[in-house]
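Following are the structures in question.
Next come two complexes built around chain A: one with chain B, the other with chain C.
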Partner chain A sequence: MLVFLWLVVPGPWPITGGLAPRVFAHYFWGVESTLYRPAPDQPLAFSHVTHAGALEINCAFCHRTVEKEETASVPAVEQCIFCHKIISGTGDAAVAEVQKLRDAFQEEKPLNWVRVHRLPDHVQFVHEPHIRFFAQQDPAAPLEATCATCHGDVKTMTKVKQVRSLKMGDCVNCHKDYNAPTDCAACHY
Partner chain B sequence: MVQERPKHKWTMVVDIDRCSGCQACVVACQAENNITINEQRDFLQRRAKEWIRIERYWEAIDPSKPAEFPNVKARFIPIMCQQCDNAPCEPVCPVYATYHNNEGLNVQVYNRCVGTRYCANNCPYQVRFFNFWEPVWPESLRNQLNPDVTVRSRGIMEKCTFCVQRLSRARRTIEGRRGKRITDESMTEENLMPACVMACPTGALVFGDREDPKSRVNELLKEHDPRQAKSVAARGYRVLEDLTTEPNVVYLKKVDPHLKKVKAHA
Partner chain C sequence: MGVTRRRFLTMAGVSAMGAVIFGGCRVPDREVLIQSPARLPEDLVTGIDNWYASTCHQCPAGCGILVRVMEGRAKKIEGNPDHPLNHDPVLHMSKTCARGQAGVQLLYHPDRIQGPMRRDRATGELLPISWEEARAELVGRLRELRDRGASDTVLVVTEPLRGHLGLLAREFVKAYGGQHMAFEALEETVLREAVKRVFDQDRLPDLDLANAEYVISFGSGFLETWLSPVRYGVAYGHLRQGREAKRGYFVQVEPRLSATGANADDWVYVKPGMEGLLALSMAYVIVSQGLGDQEASRLLTRGQGAQYLAAYRPQDVAGAIGTTPEKIEELALDFAAKRPSLAIGGGSAAAHTNGLFNLTAIYSLNYLVGSVGQRGGILFNPAPPVAGLPVAEGRVPFDRWQELTGRLASGKPRPVNLVVFRGANPVHSLPQALGFADALKNVPFIVSFSTMMDETAAMADLILPEHTYLEDWGDDLPEPGPGYEVVSYQQPVVRPFHNTHSFGDELIMVAKELGGSLAQAMPWNSFKEVLQAGARKLFELNRGSVTAPDFDSFWRGVLQRGGWWDTARRGLARPLPKPLPVREDPQFTAGEYHLLPFASISLTEGRGAALPWLQATPDPMTTAVWQTWAEISLEDARKLGVSEGDFLEITSSNGTSLEAPAYPNPAAPPGIIAMPLGQGHSSLGRYAENRGVNTFMLLQPATEKETKALAWAATRVTVRNTGRRSRISKFEGSVRVEALHEVEIVRVTKG
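Now for the complex of A and B:
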């Protein structure tokens, strides 16, 4: 009876969605990535493979505040138009997506991106010191290597997906490894 | 393991002689820390949340006569969490949601709190507040919430944090990015003193780091703390000091010209 309930009752996020298959996959084959929510569909098929991969645009060029502030920031439509006023993309699919962006700009409507990495409200995560710390560790490393510590190899993802659990245990383990503060008030206030 | 000497020891000095009871600190605190608006029902049920409050007392100017209109004066004392070194709220928490960190702050961890309210019952200063309801703001105020501070949900305890979000930012910007020591000047410049201190128009509230020998709180404590200064002019005291809670908030008592006059006449 208990086993039956465990199979049927949806577990807490990110182990959502019915679940027995994913839970089995995790426990029996250790497929960690199956634990996390599948990559959500975005309102526009933005490709990190093109932008970050092929074009090698620095992460901070679009996520402008990542080295300065709490949030990395998702670029506004205007910021995309900065390049896409001129660049229409190559291939029909890309052109169609860029057209969606231009339409949004013309209609003055924001693009409602679906959030991929979400922390609970009682966690105050700040990007700036994390980026600064890893940059100090290895000044020669590019910014994307630092970002990849938590976000994975985004430039190979067609749809961005969460690759680390980003739960408290995950954070604390890393903080211990790097001798970062583990005081509760470092993140919870 | 040898424990490292903590880098900071946050302390507040409240000069009651300067306090005019204007409540600017109360307003600033409510805005900074996402505290819900206290309505009539909150006060009637004694569930109002004020992380810092101004207590008002009426006192006779000449104690030998009855305390009636001309012979009466108002006294104000701002009371916030005293961040006791020997805090009575801490040992009673069954889930360690309130604990002492190495900077002398009495920290409330919201996500650990299960809402037993033992801590509030054990606090002699009555500065812990329980969320009896889910916090609600009028639609027009939704966008003024401070993103650096958690909105506490129903069923958990909250209290003054010495604006730990600002201290954390100070650590990031001043210590981390510029590699300098946090000083009174740099904190004031960057608007990183606690909200009540920044708002106080008369400078009655002084906040600082006791580990920094040049800080203003250290100066004041050297001059006024009865444990350090033996002078008659030392005005410092701690509220309910005989409970041995060892508060980190030191009050400087009012200099009372009226009292001197009365004494001189008597």
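Now for the complex of A and C:
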């Protein structure tokens, strides 16, 4: 009976197995990688390899509010059009994707991205102080190095994937390493 | 393990249940959605709000507002603490009314017209079209009519327009050769004419309630919807509590206890239409006892003194007025003694066949106590700072609508081939007996610029939805103003949510496409350009609240402040008193009961009915919401055998009839049925449709004798108990008083 349930009941994320194997994996072996959702498909095949990697565009150019606000924010379609009204992309696949973008702008349709990094509702995470802190640690370091602390080497990812568990233990370990506050109310407020 | 039937069913059941339970653990898709807006809002900073100054357009007062905008969405409307019309000069705060607050619901209304549409008259079907097609159609028809020499058969119907939009409409109509008529359901024609006759003024005056000692108001619901209620509300607060050890006294004279009357120290009943006679009788008392200003008394009575007013001795006219001689004397003596005192009139006092007589008599009283042009009295407004800027473009009295209906119905003397409606809903707000809606069907082509599908838009062939006032440019000259020069500015605080255009822009585009003299008369590219050209004239005056070294800084300055004003430029007129008018009595049709319609404090005459916040705003007197009711006296209710919620069939003297639940009110005088206006929409979005009844339908198309304005309080009705009943939804009585433990119950016993 249990075996049956184990196998058939779908878990929170569509990965192999039911809920139970993942709960075991998480609590007993601390295997975190199995818990992360694989890189989801996005409405546009936007490539960080091209933009952040080859073109070396600063993270904050598109994620405009990351140094100022709670959220990093995804750019408005219009911001993409700043460049893509001129740049149509190289290769058929890229041209097709850019066309999708231009169509969205023309029709004033928003793009619905699938969120990759998500924290539960009872956690407050504010980007601004984290960026400020790491920038003070090493003022010479580029912004992308700071972002990479949690988001990994995004410029090598064709599809963005979560690389850290971003669970409470993960946050607390890092807060301890850097002498950051670990009171409950630091995040749960 | 053998799978028995029983075991198989158990396993199937358990796994299905598990799937349901754990399926619910999945994070819903909307939680992992992160949206890129199409446009990059220049002001988008997550979590940080922007406040834009603009002008309210929910009623004709024209208060200054601040709109809180977050992430490109308007969230909240507050008063602009800088704006001269609705600010509190002492507390440095600002106010808005419920109607102003509800502006955001207009912006986000689910039934807003989302883009231009063309109606197939045969099937009544609406088909979406593009703005280019729609404009081409309108331009084609206008061009064809002009080429045929029939440009005078084109009619533009708007609300009374002020500021540059009025100027634009005037230019357009003049250059094209059409006609412009502004529709105002509860028109102020009579008040304007009275102000002109009594004070020689073209603009309505400001009422200095804040500094008065004694205020007597005849029928004007200045704490409800009359003229500029937010300004009056603030001033009223100062009248009562703004001064140390001094509380202004306030008397309301009217035939129905209104919310304004409920705030008064003394509420005086007067028979409908007899307000002017009461004013004359008060004048008699003041003049005969020598309590009035000598010069004013002489001029008001043609030098004859009390002799001129001998016919109005309180003991002779009190019966006709519906009060006692002692009351009249008391009012007159108080009015003369407690200076500065102020007499104002409007609302139902103006809406009788003798409305002009009523108002001239009432406003003339101010001369007797020296309150004209004085602190605590009537203060005048100066002419607009830029010459030629209209304050009420196209306003016409009711008889012109009667005339138009005849012209529409008969096609004589000239037919009407095209009507453009903007911001006016005459199909709802003209008396049904007039037959306007039926006559309008004879017009071959009707264009509507309405944001919502109102009754008039529902008859249109071409629907060109305009922006709401939160998405559009504009300016306004508040009427009545605050006693000095003011120009308010309205700016778009959000990007347009739907495929809508600005009415001003469209007029300019149509003129351009029509070409010729019309294009020359309107050389601008957009309405914003017109506004800026106008603002440049203010900039060149180099005085007032905003001055700047260059025009760009000036323009930013006025947008930031919400407008431009110059407190040094006041209306300084010192008019001379004219002889008091001679008694005129109101005329009514036959009918047992007098019908007193009143503007709903939230829906006004119907424009607010589309907004659920306003529908749910309780009427202050009955606490009723979302419906139309009929206030009736306890005596009449007993006579008809009705109690609260019993449906009355109310039949007008012209035969139209409708049904509304009775609300027996201990404060209602016998013989009077009072009904709110604003409901009974056959079309105005989901929150307004088929709700309550349209009180306008009952009105007799009677006019005020001289100004020809609609005498909307001059209708008589008969009333019958239908025997049906339904509960009136209201707050009052929804919790029994005994259940409110903090309320001490006081029993009132006789003797």
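Keep in mind that, in the parts below, the second predicted complex is superposed on the first by the 154 of 189 C-alpha atoms of A that agree within 3 Å, B and C clash if a C-alpha of one lies under 4 Å from a C-alpha of the other, contacts with A are read in each partner's own complex, and residues count from 1 in each chain.
As a working rule, a residue touches a chain if its C-beta (ideal position, glycine included) is under 8 Å from a C-beta of that chain, and two chains touch if they have at least 3 such contacts.
All values derive from a computational prediction rather than experimental measurement.
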item	value
Chain B versus chain C as contact partner of A:132, first or second or both or neither	first
Partner chain(s) touched by A:79 [first = chain B, second = chain C, both, neither]	second
Which partner reaches more residues of chain A (counting touched residues only), chain B or chain C	C
Which superposed partner A:186 touches (first chain B, second chain C, both, neither)	first
First (chain B), second (chain C), both or neither touched by A:70	both
Partner chain in contact with A:118 - chain B first, chain C second, else both or neither	second
Intersection of chain A interface sets (partners chain B, chain C)	70
Residue ranges of chain C in contact with chain A within the complex	11, 14-15, 18-19, 22-23, 25-27, 31-41, 44-48
Touching residues on chain A, where the partner in the complex is chain C	1, 4-5, 8-12, 19, 40, 65, 68-71, 73-79, 104-105, 107-115, 118
Of all residues in chain A, those that touch chain B in their complex	70, 120-124, 126, 128-129, 132, 183-186, 188-189
For the chain B and chain A complex, residues of the former touching the latter	99, 101-102, 105, 107, 109-112, 147-151, 161, 164-165, 168, 172, 176-177
